[in-house]
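Please go over the structures that come below.
Common to both upcoming complexes is subunit A, partnered first by subunit B, then by subunit C.
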Partner chain A sequence: MVTISNLQFSYGSHEVFSNLNLTFDEGKIYGLLGLNGAGKSTLLYLMSGLLFAKNGTVEFNGHNMSRRSPDALANLFIVPEEFDLPAMTFERYVLLNAPFYPNFSRETLDRCLAGFGMTADMNLARLSMGQKKKAFVCFALATNTSLLLMDEPTNGLDIPSKSQFRKVVAECMTDNRTIIISTHQVRDVENLIDNVTIMGSRQLLFDMPVAQICDHLTFVDCKLGQEPEGAIYSQPSALGSAVVCGRKAGDDETTLDIELLFNAVLANAESVNQAFAAK
Partner chain B sequence: MEFKESKPIYMQIVDRICNEILAGTYDEGGRIPSVREYAAIVEVNANTVVRSFDFLQSADIIFNRRGIGYFVSDGAKQQIMAMRRNVFMNEQLPDFFNEIDVLGITIDEVADLYRKRGNDN
Partner chain C sequence: MNNWFNIKRFWLVLRHEFAEAWPELAIFAAVFMVIMCWPVVFFKGDAGQTQVILGVAGYGVICIGVVLYYWILASRVFANIQRPERKIGYLTLPASNAEKFYSRLLLYWILPLAFGFIPYPHTGAAINNAWMYFFIAVILGVQSSLAVLFGTIFRKGGLLVLILAEVVLTVALVAYFSTNPQAVKNLDLAFVAQIADYVGVMEPDRGRAAKLAFGIAAVPTVFNIGLARIIFSRKRLRRPLVYVEQ
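Up next, the complex of A and B:
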């Protein structure tokens, strides 16, 4: 679906990616994680043709994204972290913007809006940040593009809306779609994603399907003094220590703890990645 | 007792569906929601629900009618009870025995408490 090859990108003298290679497959929901300034948003903008690489390419279904071909743009949608919506009713916004997306579904739009308890007659100028985000996410899902990029989509959403967000994404996901969610709110998307992608400074630190992560790693909370030997990463928890270990034969599968995995990767990406090579 | 709190999500969903079948939310022979519908209900990735359904199918609790959907098997309730008894006997009970040994509680004390509980009910 998306292939990033030898990508190099800088803001002035500040290099964001030195040589990035990464692919995103069809039918998967990706969680894109990384510290502030790691380049998550930059990567999403490069994928949607809003920024241009210094070297290397971003290909989406065979289209070089720096060419911004209308065919490619009609088949992708980006929800940036911050955005302005014009002062008009949502209905009018849909009337003006939906025609750019040939697979747009009014039925999906109405279903998503209803889920959030919203209607299309609202005036976009009078919405709070959270409401604006919900309206835009509904529009984004309704475009039915094969590639959907969302930058911090749950920021500013109230608690029931975060839950509703997961419902609509799970509902609207299909085998032909790729959804990439960049976020710091890992708990909001923990059970929603198929793949964890972690960006470090200038490079990719970790990129692995959730199924494989659970195959090769265990996440356990241990009492003080009962930490297993050979743990890859350990951090203090209420019980004692939260620990990431390599999963050995006979070990029960555990639930993925993305926050713990993220900290483990940032602390020592090499030893985490080794656990996947070993088995 | 040490709880197995890090049970994988797909198994927690298996438990949830089993509870719904026991409670009669889905009758034996009746249709259960599709993978995507269930993913939306519990707010998880559809592939996770696929794993839960695969597990339930291999345990003869649900079955697939190609192109129509998943249905609750006849005898599913009995099957669930048998599966849970098995887990209790082989996993929870040994943990419980270990814990009373560690705490120096005898099985007679436990049996006494169990009988008293019976009288109170």
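Up next, the complex of A and C:
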């Protein structure tokens, strides 16, 4: 689906990626996580042909994305963190933009809008930023493009809308679609993503399917000072300590604590990755 | 489907662009009407000497107004890639770079130039004057194509750079001629008359002069637009959008 090979990219003298290799397969929702400035948005822009690599390639279904060919763009949609919608009705917006996307589904659009409690007869000029974002996300999902990139999609959404967002995205997911959600608000994508990709400064720190993470790691709360032996990472929590441990034979599977994993990877990516190599 | 240029997709892009640009284009059309029509309102009546002087001045104002008008209009060709929020949507719209480029060029440059001068032949004034051809073709074509080119390079500063370049060029020319009396002598009437005679401007058939003027104008205009097209196809985001903590 998307193959990134030996990617090198910099803004002037500030190097963002050096020799990055990464693939995104179809049928998965990827959570692209990282601190501010780690290069999450930059990676999405490179994937959509909005930025050009200094060295290396970014290919989507065999298309070199720096060429921005219409065939590739018709199968890709990006929801940027900040965007401009024209001052017109949503119906008119759909009428003007939908013909560019061969797999656009009006039914999906109406279903997504209903999921957010919205209707298509709204004027985009009169919507708040959060409402605009919901309308735009609905349109993005309705395009049915095989690659959907979302940059901080939950920014500006109220709390009920964040859970509606997860529901709507999950409903629109298909086996031949790839959704990449870049966010620093890791809780917002919990229970939604199939793969966790964590970016560090200039490099990829962690890239693993959720099922494999749960197979190799456990996330437990314990009293302060009673951290289990061989803990990879621990941090203070309401109960004492939240701990990431390597999962041993006979250990029960635990629910993925994505925030804890994120902190563990940022603190010591090598130890976390070793847990996967060891088993 | 053809990835370089497809008529159906071009039409979709044109419709898409027009739907967003029409309020601005309507304002530009209204301004053009004002520029072209105000002398008719102000200088009607008997053609007395004062009226004639004012009429000539008005004609000059129209010329300068029209030039500035097309500069501003042409510098707006790529207004939708000036802000990153708009640029993302525009550059990822599923159409080729050529379709996007020519749709904006058509709306903001080709059609306004064509429509702006369609009324002229009917007045019987401009079309019969070879120098008017020259004025339209060279001043409007070349200079506004520079505004298109600078618009792709300098984003918001395209028009500013063009004005700056014109000011620098004018100052340089004035400085050169004021300090070189010989250069002024070389521009004597005989020299001008030779050129006029060569292009046939004094002859009743002025077609040759017009062709030459268009020829002179066409080369740099095509060059400017071609270069703008290449630069446009390499357009990208300059930096990531500003992160806003919620």
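Just so we're on the same page, the second predicted complex is superposed on the first by the 279 of 279 C-alpha atoms of A that agree within 3 Å, B and C clash if a C-alpha of one lies under 4 Å from a C-alpha of the other, contacts with A are read in each partner's own complex, and residues count from 1 in each chain.
We adopt the following convention: contacts are C-beta pairs under 8 Å (C-beta built on N, C-alpha and C of every residue); 3 or more make two chains touch, one makes a residue touch a chain.
Keep in mind that what you see is a predicted model, and the values were worked out from it rather than measured.
Peer 1: Determine, under the contact definition given at the top, whether A:Ile29 touches first (subunit B), second (subunit C), both, or neither.
Peer 2: In the superposition, A:Ile29 touches subunit B alone.
Peer 1: Could you look at A:Thr183 and tell me whether it touches subunit B, subunit C, both or neither (first, second, both, neither)?
Peer 2: Neither partner.
Peer 1: Check the contacts made with subunit A and report whether subunit B or subunit C touches more of its residues.
Peer 2: Of subunit B and subunit C, the partner in contact with more residues of subunit A is C.
Peer 1: Does subunit B (first) or subunit C (second) touch A:Gln131, or do both, or does neither?
Peer 2: Neither: A:Gln131 stays clear of subunit B and subunit C.
Peer 1: Contact-wise, after the overlay, does A:Lys167 reach subunit B, subunit C, both or neither (first, second, both, neither)?
Peer 2: It touches subunit B, and subunit C stays clear.
Peer 1: With the two structures laid over each other on chain A, which partner does A:Ile193 touch: subunit B (first), subunit C (second), both, or neither?
Peer 2: first
Peer 1: Applying the touch criterion given at the start, work out whether A:Thr108 contacts subunit B, subunit C, both or neither, answering first, second, both or neither.
Peer 2: It touches nothing on subunit B or subunit C.
Peer 1: For subunit A, which residues are in contact with subunit C within the complex?
Peer 2: 11, 36, 41-42, 45, 48-52, 68-71, 73-74, 76-78, 80-84, 86, 88, 92, 96-97, 99-101, 152, 155-156, 185
Peer 1: If you look only at subunit A, which of its residues touch subunit B in the complex?
Peer 2: Counting only subunit A, the residues touching subunit B are 29, 163, 166-168, 170-171, 173, 191-194, 210-211, 214, 218-221, 252-256.
Peer 1: Which part of subunit C faces subunit A closely enough to touch in the complex?
Peer 2: Interface residues on subunit C, with respect to subunit A: 1, 3, 6, 9, 12, 15-16, 19-20, 83-89, 91-97, 99, 234, 236-237, 239-244, 246.
Peer 1: Show me the residue ranges of subunit B that touch subunit A in the complex, using the header's touch definition.
Peer 2: Within the complex, subunit B touches subunit A at residues 4-9, 36-37, 39-41, 43-48.
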